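Going in written order, the chains are labelled A, B, C and D, and every chain counts its residues from 1.
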Amino acid sequence: MGAPADNDTPLKQQLRGIIFGTNTTAGRYFDLILMVCIILSVGLILIDTIEPIHQAYGGVIRVAEWIFTIIFTIEYLVRLYCSINRWHYARSFFGVVDLVSILPSYLALIFPGANFALAIRILRLFRIFRVLKLLRYLSEGNILLRAMVHSSRKIFIFFFSVSLIVLVLSVIMYVIEGPQNGFSSIPKAMYWTIVTITTVGYGDITPQTSLGQAIAAATMLIGYSILAIPTGILTAEISQEMGRERDLRKCSNCGHKGHDKNASYCNHCGTELESLELEIEQKD
Amino acid sequence: MGAPADNDTPLKQQLRGIIFGTNTTAGRYFDLILMVCIILSVGLILIDTIEPIHQAYGGVIRVAEWIFTIIFTIEYLVRLYCSINRWHYARSFFGVVDLVSILPSYLALIFPGANFALAIRILRLFRIFRVLKLLRYLSEGNILLRAMVHSSRKIFIFFFSVSLIVLVLSVIMYVIEGPQNGFSSIPKAMYWTIVTITTVGYGDITPQTSLGQAIAAATMLIGYSILAIPTGILTAEISQEMGRERDLRKCSNCGHKGHDKNASYCNHCGTELESLELEIEQKD
Amino acid sequence: MGAPADNDTPLKQQLRGIIFGTNTTAGRYFDLILMVCIILSVGLILIDTIEPIHQAYGGVIRVAEWIFTIIFTIEYLVRLYCSINRWHYARSFFGVVDLVSILPSYLALIFPGANFALAIRILRLFRIFRVLKLLRYLSEGNILLRAMVHSSRKIFIFFFSVSLIVLVLSVIMYVIEGPQNGFSSIPKAMYWTIVTITTVGYGDITPQTSLGQAIAAATMLIGYSILAIPTGILTAEISQEMGRERDLRKCSNCGHKGHDKNASYCNHCGTELESLELEIEQKD
Amino acid sequence: MGAPADNDTPLKQQLRGIIFGTNTTAGRYFDLILMVCIILSVGLILIDTIEPIHQAYGGVIRVAEWIFTIIFTIEYLVRLYCSINRWHYARSFFGVVDLVSILPSYLALIFPGANFALAIRILRLFRIFRVLKLLRYLSEGNILLRAMVHSSRKIFIFFFSVSLIVLVLSVIMYVIEGPQNGFSSIPKAMYWTIVTITTVGYGDITPQTSLGQAIAAATMLIGYSILAIPTGILTAEISQEMGRERDLRKCSNCGHKGHDKNASYCNHCGTELESLELEIEQKD
């Protein structure tokens, strides 16, 4: 099914440079136009759910949605045409996202049921995930991601501990307040405990008894304190990641490390530093 | 009462490896199955408190609970049988948790009162604490715990200061707003102050007078700022703990410290590093 | 239009020292008096919007506002008179702010419409931005600003990711809860998601279904956790900025860095350190 | 008025050791008993404001309050008697607190008005500040305090900027939502903005228009982000303070610094370290 790489025409190569590339002017313009189209089409779907707007401009929005669907269909077909390995693109994360974001409009033609149409309209929202592509080119995102991956076990332990605290507090509140004060079941009490411990505090369920209010106050203080834990974990990791990034630039003369990202000379012996791009590529 | 260690049969040893051990395949499977049972039995107790579910599936849930009770009873008896010092296990934290988690079902047979049954059902929730056992094997948990233990005095001083601020603000709000606006007593005003200073903000009691609203705004800003304090304390401690963990790995050749957890060679002189497990055991 | 610099009389120079300068006693007093006038005039505009106060003291407030308008008019004219390049001042940020803060009162004389008057009164609030001038003299503000500028790309990625999470959660909640529970459109559901994910939690829209409450709880926990990310980014940046500031003071004898801001002697070799002011000026 | 130090009898010295001292057994017991009395007397005042309790146990509480008043009166007189410089003690912060905490009960005898009695009862709450004395002996408190003092200018700039943001957002919301949606004046809109920006979110005033809800969402995101700033400032300062504390312990042999608080030997050359108490005293 996948097209072999040998029939790679110049047209295909050029299209690939525009559609998949990001370092040519044409590629950057294409990305920009595509992003505007994505945001506009998502914006249309959002405001179409506002009843008065749907009734007044429903027709216009439907036409605009079809225009975007056709644009995205052409884009999908061109991507499929010019990719080196078509099957590989079609199965890739962004290939699936590209397909899912155009299918719903066509499905709505075939199955014109009202409720089904909503589900289809929602599917179209998947198109927004394309924007995630841009994250790839931002090195700062990598630091955050690496910090999160490194701290994931600590964060997991944190959430595990919070779950236990929530469970115990919910049972206590369920016993104290009971169904007559809105704590109609332990899952409902758990909802209240999470609302309280995360300091959201809707106020749709509130303790009415004095003892319940005392335990609620304790719950708030617990939530207020443990908030410090994931922050502490992530801050320590981000600090370390930032330090590591600085350490990437080593002077070739004296071996001194820890230069700023935009430094050109070693701050210890004055030797010119290699450019950052080179260093990072060497690392990979 | 405690069994002497000399009549230690191979069967006992094998059972001990499965039930108490965590580094054999059988031991790991046993832990996994037990954890699933614990979570399912706790889940049952939770959803049984939802009235419609209790009325529709009450019978099924009772049967399932008895099955779990029998499983946990067998587990408790086997643990008691194969432990080197039975009395020591029975008195240990997890020994008591294991007993407490099966007793309620049997007590419900003897005392069939409706209200009493609820108390018994809640006792069964203590079984969840067994999951805490798993925390032992996660070294990351130790860092968090050590950071918390190290910062406990600072956190205590913080909470002590917060209590004083809460007390003073509550008295002021009680005097300004008074019982006619929901601040019916100083303890009630303290509940409001904690709801506000932790930024929970239920909205069940809100200031009505202009002066009250001004002081409420000040309370919020205070709460917003002091939240930074426990976070700062814990972050500084976690950073230090993480640095200390890195320092555990010292090069045997040049004495250089601060290697990554998964580094194999000294990043200063290239000598192969001893494995982390060894180093940590040496420390203990 | 701009006045040439050659007709620079001693009177102009003296006025310039008082009005624009900040290091003479007269200049400092002028700044202080001006700031009090700004705060008082803004305070008047604020309390004038309280209906009972407007009805009782409306006349007094109008008179006081005219006094402030005249003071600010004189200030503007003197500034214009004594600035080296009048056109340059008039077009500068603070020149425009100064003009905008006096114009509304005169416009209210010409167009005496009630609704228009409100718009004019609001324009007067722009005068508060003058206070921003004082920020310039606080070096601590620079650290915060630099930390924010340095972390702006990371913060942008963070907000971009949060927007995507908000969008997805809003669509899910809109489908689950629907218009009958207050989630009347996706934009309204987005409002709810932001209220929840930032842990504000008004409680004007709350989930009513069990599934909705479960997803709401997940939303809160997500919001609770990701709060750690911008804090971690900024803390790491501020730490680095503070370290950089300490590094500015280098011993001229041994080259040792990292002295305290108010240190007079090198903490390594005891040589007297150059004053901080000199060092910073050298840097600029 | 102040007593000269020459008539310093052994009785006075002994009393001073018990009452003002904290390193003798008797002094520690005295502090403990006093603290229990303070907490109990404050607790009484708090629960006496609960109407049902006041009606049922009002008489008992009044008697208990008189007992505490007499205890604190004796304590005050003994403190005055045995202090080296009586006038100095009487004018000191804690001297005034001690007097203020006993006066109200006596004033209530002279002026028996009901409303006045409340004011007097509240004055008695000042006694709680005595507990602050204990903070002095906790070195951890000093770190927090120093970190806060060091960061006070940054925190001030932060609050100043937040005030400007709050003012601008309040004016915008007042114009958009107006009195018909609860934003009856700019000060009221400022109350709402603070409730929102600190993520408290009572929900007593909520935006009703679409534009208002969009700006409210922006306000929440601003509040959510700027929360990171004071946390970042304080964390960086606390980290620095903790590093400085570690640096206090310098090896007398090799000059190596950065030993743990409870280390006994230099971790660089093995020389026994001087005790921490000595080092800290030397510093002061």
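The rule is simple: a contact is a pair of C-beta atoms (placed from the backbone, for glycine too) under 8 Å apart; a residue touches a chain by one contact, two chains touch by 3 or more.
These numbers come from a predicted model, not from an experiment.
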Would you mind naming the chains that touch chain A and likewise touch chain B? C, D
Compare the CA centroid of chain B with every other chain's and tell me the farthest one. C
Check: interface with higher C-beta contact count, B-C vs B-D, is B-D
Looking at where chain A touches chain C, is over half of the residue numbers used by both copies, so same, or under half, so different? different
Pick the pair from A-D, C-D or B-C whose contact list overlaps the A-B contact list by over half. C-D
Calculate how many whole Å lie between the centre of chain C and the centre of chain D, each centre taken as the average of the chain's C-alpha atoms. 30
Between chain B and chain D, centroid-to-centroid distance (C-alpha), Å: 30
Averaging over Cα atoms per chain, report the distance between chain B and chain C in Å. 42
By the touch definition above, chain A meets two or more other chains at residues 187-188, 190, 199-203, 227, 231, 233, 235, 239
Which residues of chain C touch chain D in the complex? 42, 45-47, 49-51, 118, 122, 125, 128-129, 131-132, 135, 138, 140-141, 143-144, 147, 155, 159, 162, 187-188, 190-191, 194-195, 198-204, 227, 230-231, 233-235, 237-239, 242
Sites on chain D touched by chain A in the complex: 199-203, 231, 235
Can you list the residues on chain B that touch chain D in the complex? 153-154, 157-158, 160-161, 164, 167-168, 171, 174-175, 179, 184-188, 190, 196, 199-203, 206, 210, 213-214, 216-217, 220-221, 223-225, 227-229, 231-233, 235-236, 239-240
